[in-house]
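Same chain, two partners: chain A is paired with chain B first, then with chain C.
Showing the complex of A and B:
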């Protein structure tokens, strides 16, 4: 190691970061949004807002009984029923079911069928809500951040996993290479060009380091059976399902007895669980309903614990007898559940969820400033060439263009997704796919424009477009729904999620608008100092 | 509960502020170029700063328990550090004044934590 550890690590940090940073931006933005995936989904189904905005006068037990009665009529022979009961982050009763797959059905067809097998009940009246529009809502953004899109989930997970491993390398090498990590701990010096970008990169990275390390590492652990298959292969060969059954006995599925038996009343089971836990169950899964081997699993939120595994009680669906409770887990499994739980943060209350969201934004800013920093540094090598009116090299141009397409282009894609949700016709066929397509068309156009003209004007144009689209969402919402800010701010607690969504996108839009304005001011200052022709050729970052 | 979290946030801010105002760059920003903090003041403020952070941790544990508390603390530390960083840049003297919030916050937090 000729250069010494720190220099070598600087090299590792640069390249492990740069090669994956644009994908990481997508992952960070999608994952950050996913902390509010229920709220986003709710916002994206405005038909449900009215029903939710009434205080529930029905107890969880009554809700469940209502939904089960409905399921008995509509899907008595289903494989399984899934019920989500009203709780803090969910104002309505959601029910869905899976049917035994018919022969010759493709995976896509089964998924499409599943999307139609659900209904939503108003917990106040017990009646059906207005049919919500077909959308995947926040689930799309959540899946996007590890499955990607337009490819099989396995491919997506491998690609995201490799990016996450590179990210972990970048974090560790970044800490080693940061010579003044303590001396510069609180340092931010604006208006000093490269120095300012480095300070911003350090401040967003170092000051939220516990979060960045945690989220990257735990993200990898959530998919560890995929990324590290060797132990499973060695012990179980190709029988991966046998391993899952051994490791997660609670997830074991019972085969139907093919012998019909009426489902026992669900209300006593709910009461029993509520008495034991002190809180009502929020999720019910009935497998093999109306079969002698029916099982009713009641789940509750894990509460003041990190674990992602919701404590549950399983009842015999035919007799109504309690079969088992979540068995105490081994320390190893408990540790895994806590690590997994930290990533998905289901335990987080309002404040903690907001902190996770802010840290996620800081992670996005860390990746963005890192990507920009490479361009700023590399551009200096071309200072003389640029002064003579020459051009920067291919690498700098490519990175500049990718930076515009990801940093300014992705917010446009997110905003376009929400606009599509409100503007696409409600009765449109395969509407969920259309919404996702709008996301990628918007992103594709932004990325392509950036490749054609990676200039400061393009930065300003895309930042302004993102600002207008995001900040315009509350306005769009006011024109297309009855649950705009004027209503939601003064409505019941269930509408807080809708108001919160509008306010957060408005703030993010203002932030982008501020960035565009700031660039414009820089441009003017520079134009005053230099000849206009030269000013047009430099990018903003150099002058920042 | 939420009083403890507020106390924790104030203590984290104050702890970071006390630590930061004796650091060379920030001390010079506050007291004028070339000035350096006396060794005794440095030691005193640094100790107080660490005590503040420790008490801030205890407040989080008191508010949210040993499972969630440390996670909450990490989030609060990040927020507090960003606030101190920005304040040091734009209003460095304010950091010195605002650091005093740690004293009442410490008293309040200690009372709440020691309350039977």
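Showing the complex of A and C:
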């Protein structure tokens, strides 16, 4: 824009970042939480904790047979059955099924029906667990980070895709802007106002730069055929399904023959798969059960491989014969699967998963410090006006308010979602929607209050509220369930997820509390330096 | 406060449209052409071209803002789109 590559790239960095930063905060926070979506879901279903804690007394094969027996009774004519067997990150047996859609059912009704079509078995006894409360758990946060909410998923995905593209542009232009990117990483000048924010932004950005770049690009890749259909058009014309069949050879679907045939025993199939792999399958998908064209697909966790495509074996459901194994793919298709796999990180073990989570938090911090930096820089242009007791411009006020609403308001929304999970009546109708509504009501109130009074006091108030709500979750958990930290810390491995959740939200709450305290100290110092009237005029973070 | 001239604002708006809309069109054409040109099986060519499209789009956007004037940015985007579009059309006829 202005002269020089570095100047114009700085301009692009500023604006492509600023325009989408508040949405990116939501995406980053939701996506970061989604690394632990199973654990979050488990925490949000306290009815299951007790059953999960007991050591398993039935083998995976026995538990699968038990579940299939029950599915035969409850859903013999389903489209497909889905079975998740106990493994490292899942202590219980989850079964669900999809029915052939009835005519005139809306998408929403089908989803609602699907949510009732499931049961959970206790692997210790093979019996039903206590019915868990109706919640979408971590799945809500996971979907939120690319589907958004209150709109069709397609719209959400386009909006998030545009934001991700802006983020990619912001990252690359940000890197070009830096002449000393390596040196900047080791530079932190605390308590120097704008310099400190710039250094904090640089440190959080550069520290996890490979992650930020990876997560943004791979995020676009997850939905790339939707975002950029031109190459598909060029080679496949209108036959998009042919492309999908070529690119995802392992996702082939078989139509029912409409001819009934009893489903073969799946125990031998499980055994065969385990013998071939050396590990037991953890997921079973039976399509067209009790039909001549039934298929039983057994999946195992991808282990250390990057690809998002889980190795699988497919059996003929009627005869029990092995039909196919995950076909080896070409290098290009493997590369795509690996890039996708990097985004969802199914391969990550405990430590690596924690590292991804911390990187996600660093990404959130990068976006937040970047957004704050804009306000701090912009406010300097108003230094003279402010000194005369004037006001900052509309833009600065708006950005300040949006920053409060997103940076301090979003943690409140997340915390409120978890509080709602524990406090809403278990028997409540459409409880899952109510939990989601609480998330957005809390966020809406925070954002609105921020627009009304975007002041330092509002920053402190919202940060404190977020801190109390988050750090209070373990306490709330202790009052509303039997699986509080006093139990979970000393319980079996399955309860580690519950303990981990409590500890992480506590730490995040303390972090927000520290931020609120630090702001308060700042305010006192300034008040001491200025006359009270002036101090009241000071807008947030100006000299922070 | 420095006030921004309307000329400057117009330049920014023109570049933004050239980058976002023009850049997308150029990227779509370029990645379709890459897909056709790659000596790979169909599925691989489509996948690789689509994977590369986000890199192309990023580069186009950055170039639009880095070049010396909005007019140059537009000439570049429209010119490149026309040339590649013509090639794409010829390739479509030939196949």
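Definition applied: the second predicted complex is superposed on the first by the 541 of 544 C-alpha atoms of A that agree within 3 Å, B and C clash if a C-alpha of one lies under 4 Å from a C-alpha of the other, contacts with A are read in each partner's own complex, and residues count from 1 in each chain.
In this text, a contact is a pair of C-beta atoms (placed from the backbone, for glycine too) under 8 Å apart; a residue touches a chain by one contact, two chains touch by 3 or more.
It should be emphasised that the depicted structure is a prediction, and the values quoted were computed from it without experimental measurement.
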Review point. Touch check for A:158: first (chain B), second (chain C), both, or neither?
Key: neither
Exercise for review: Kindly classify A:440 by the partners it touches after superposition: chain B alone (first), chain C alone (second), both, or neither?
Suggested key: neither
Review point. What is the contact status of A:233 with respect to chain B (first) and chain C (second): first, second, both, or neither?
Key: second
Check your understanding: In the superposed arrangement, does A:359 touch chain B (first), chain C (second), both or neither?
Key -> first
Practice item. Tell me which partner A:11 touches in the superposition: chain B (first), chain C (second), both or neither. Key: second
Revision key, fill the gap. Max touched-residue count on chain A (chain B vs chain C) belongs to chain C
Practice item. In the overlay, answer first, second, both or neither for which of chain B and chain C A:221 touches. Key: second
**Study point:** chain B residues within the chain A interface of the complex
**Key:** 5, 16, 20, 23-26, 64-65, 67-68, 71-72, 74-79, 81-82, 84-86, 88-89
Practice item. Quick one: which bits of chain A touch chain C in the complex? Just the residue numbers, please. Key: 1, 5, 8-9, 11-12, 165, 168-169, 172-173, 176, 217, 220-221, 224-225, 227-228, 230-236, 243, 246-247, 330-333, 335-336, 339, 381-382, 385, 393
Revision key, fill the gap. Per the touch rule, the chain A residues reaching chain B in their complex are 183, 185-190, 203, 207-208, 210-211, 214, 304-306, 338, 342, 347, 351-352, 355-356, 358-359, 362
Study note, to complete from the structure: The answer for chain C against chain A in the complex is residues 1-2, 11-12, 15, 27-29, 31-36, 40-51, 53-54, 57-58, 61-62, 65-66, 88, 92
